[in-house]
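Each structure below appears as structure tokens.
Two complexes follow with chain A in common, the first pairing it with chain B and the second with chain C.
On to the complex of A and B.
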């Protein structure tokens, strides 16, 4: 089908539009409650898949999304669609010897990436393990630890977030191709194409994907207005989201928020294709491992030990 | 011909007090379901008990069970057409309507589970972006709709012949009937593979999943048929031979035997080898780290299935309608628990980071589910009521 549209974009588009209007007119009456039907937006309903749109179409869609978001959040929001840079493949390193389990990364991520505050959505989960007990199968992890002070004497910590697999099982199962791996290796979601079936969440071995069970709730003042289409722009109720290595920052040459905030320098980030990068040095000189390597997902997220 | 069909359509709203009471009851439940679904549309899936840890629940459990029920038709088709067993041949039609009803209910359960139901067109081929052949959900869309189409064609072909007072011309539909057999197997296999293909979920990622699916489907679907056939026989002039019902019961004895054997094989493998992958099964039957919400249900299901197996195995028991009906109800309930909640929920327990989130459907989730079941019952009732006068020859061309 995708080939057909590429051959003759105008015609296919027209066909889809008229056809969908017929179906939607029927559905809208039946499915939508009155209040939602009032707000029904044809342009949004008929919006094409991100990868099917030309640069011109993307520009128009983003203008509309910016307008919608600005109205809703009473704040000017800038959504970019910066593409992947050539010869870049992002990789991440996490030093388990240093991590103290303070969860600063968790909250820096929430603020940077506009996750819902109520209900709480967090892309990073920090797991706590008791020293000397089995841990790599994650069975005995504790996610809701609440100490007075970190680090705690008898415990160690392992933060988990999207591992940005080279062979991502979530992408394989998505029935609508609403999630895919970008050329720089980041797995992204088109929040306007996701139907919310949550098959990707069942497929992810790292519990990295989050669903918007309700409409995301963020205090207007705290909303980060510098956004990316495939990253931290405000999401909708009923779609899946996940860590994007802060795509809005990293494609602009900055570090992800979690790397920047880590008080002990446990988080490293860089270009796997650059032989002189810090991440390459780590992989080549430290003892690294990746989570659940037996599943052949080939994560680009490396855990290592400095001591 | 059209006037005859219109007359038949008119007959669907004519009945005695009990019939009207039944229809009104279903309408009320459907109304409650629609109302609860409106709330879900408005507030989101947060009104369910599903969360990130257990991201599929009661809706998908019901979907899975109903894919199994859709098999009912084919277990009638096989003895009827491959072995020319006449008593069943006469009632295949009622199995096919059940298949149609079950598939429509399946589609509804998927729809209510979606976070963005208006975007469902994204997964259609050509106008959307169907991820075929990579996503098993895309395969499921194809096989379920195909099965729906095959069964609708068969039902309407038969109907057309009956209206003209002619016999079923087998040569015309035999290819379609034969196709429906592997196709029924395929809807189960594909649905099983949907879960089976996820290495992130060890409970589903076991090769025994698809065979167990088939075995349990061929128990629950026919058990529903046994009950329905007796209701139809009592409420209308349709004659149904006892032999047909007993034959179906005999088939259930075999499939339930296989189902229990496969369950035993799975329990042995997990508990004897004792790796961490036994955790979901432990959660189901023994409880895990003190969490045991599903344990009483799973044990009940096991007792139901074994009892029903014994009833259906002994000819004296299964040919006694009292025992037969008890057995059929036990199987429906047993498989509903085992293949519904007992299959979906433990896939997520413990979750992929080791957390145990105990899932139990919220009241709104249960009301929406009841609404879909009531819709299915209404659809089957009206469809059967529409077909029966044509089927018995009461309404046909030249006999109006």
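On to the complex of A and C.
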């Protein structure tokens, strides 16, 4: 390379290579977030995995998230990070002889857990089967039924949501470990760690996970401000979400929203490790089964019949 | 001196450990899981107010002689159409003055009406006491609010009324 500098319009005394290096460095510097107005900020970039953070770090992260969420949703959101209660493993029971397919659980869940209304995200799906036909094949079900009144004669209804498996295939396939099983049995997703590859959605045999294809749209009046970091806090575009057994309610001792709203009491919830709970009573006394038992996922969702 | 001290300490520790092990096994011996005792009536429920205009029954029935022949009522209580074992029984088989009457003659208040229903629907009564039948709200490990049978089932026409279902999910073809 000759030390001569060719004549150039800028009359600059620079080699071409030096000039190009200067341009590249300048562009890189311009991308760095030095002002607060940047959408990208260092704290969220350097945030560690939830399971690796100490309680102090989690508190700081939550403060930042609460501030961001309040700005975003124009409402004071309170995010908690309650840990799992000791000696608790949540179990769920669903009475198929009582479910009338009214879908009240679906919409109670949507409201409680801040699911996007447009595009529509519903964690619970209610499937309708004709009595007497081959029904364990879930593809034979109808989920868009719209009769004037339910229950319809000769049909029965089976709601499906995340089964909170003891051996979850979704956790096994996650490339970033953004989803894991908590000690109380709930499979959770850290929305700040999820990269949105949807491998877990492909792995789930129950079709329980939902993806946010666009920024979630929640009417301000219906936003639930009581949230949990791993549960119903307002999500972002491009993350996967699913039923968390209302982690914000159950870790505070309350029933999940779907259990409370069911008008016929078809939904039962409790602690599998407590021998006096209603979930243990029905597992021991009723005709119980679980979906797709042959896949060895060990779901915690028990369907049963009382008649 | 040391030997005596350690021996004494060992004795205390062994005594404590054996006491603890034996006490645990004693406590666990008599308990059977998921057994509902006879007097295990749930503590919290919403008592159903009987029809306010016709309650208390003695408002009118004090002044009338009871005509206990089974018939279709013409003058009063015509809105009550019995569709619940109506061939086998009628009003006076369950009602007696201001109270409800059990088959053994015992009279109970309206807020304990589950005993009356439980006479025939024993399995459902047992399930209700355990919390498996019917709606409950509250805490999964604490206080729960039960509902009386009549909160969901009209005792004269107990079949659960059909509801209008909520909207189905949007079909992918309908998303613009």
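What we mean here is this: the second predicted complex is superposed on the first by the 269 of 307 C-alpha atoms of A that agree within 3 Å, B and C clash if a C-alpha of one lies under 4 Å from a C-alpha of the other, contacts with A are read in each partner's own complex, and residues count from 1 in each chain.
Assume contacts are C-beta pairs under 8 Å (C-beta built on N, C-alpha and C of every residue); 3 or more make two chains touch, one makes a residue touch a chain.
The shown structure was predicted, so the numbers you read here are calculated from the model rather than taken from an experiment.
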{"item": "Partner chain(s) touched by A:125 [first = chain B, second = chain C, both, neither]", "value": "both"}
{"item": "First, second, both or neither for A:255, with chain B first and chain C second", "value": "second"}
{"item": "Partner chain(s) touched by A:42 [first = chain B, second = chain C, both, neither]", "value": "neither"}
{"item": "Chain B versus chain C as contact partner of A:102, first or second or both or neither", "value": "second"}
{"item": "Touching partner for A:143 - first (chain B), second (chain C), both, neither", "value": "both"}
{"item": "Which partner reaches more residues of chain A (counting touched residues only), chain B or chain C", "value": "B"}
{"item": "Touched partner set for A:264, first chain B, second chain C, both or neither", "value": "second"}
{"item": "Touching partner for A:305 - first (chain B), second (chain C), both, neither", "value": "neither"}
{"item": "Contacts of A:201 with chain B and chain C, given as first, second, both or neither", "value": "first"}
{"item": "Contacts on chain A seen with chain B and repeated with chain C across the two complexes", "value": "119, 125, 143"}
{"item": "Chain A partner contacts - residues on chain C that touch it in the complex", "value": "31, 33-34, 36, 127, 130-142, 152, 160, 162-171, 175"}
{"item": "List of chain A residues in touch with chain B within their complex", "value": "1-2, 4, 15-16, 19-20, 23-24, 27-28, 31-33, 35-36, 45, 49, 52, 119, 125, 127, 137-141, 143, 160, 169, 172-178, 193-199, 201-207, 209-215, 236-240, 295"}
{"item": "Interface residues, chain A side, partner chain C - complex", "value": "93, 95, 100-104, 106-107, 119-120, 122, 125, 143-151, 250, 253-255, 260, 262-265, 268-271, 274-278, 280-282, 284-286, 306"}
{"item": "Contacting residues of chain B [partner chain A, same complex]", "value": "38, 41-46, 48, 50-53, 55-56, 110, 113-123, 125-131, 134-138, 141, 194-195, 197-201, 276, 279, 347-348, 350-355"}
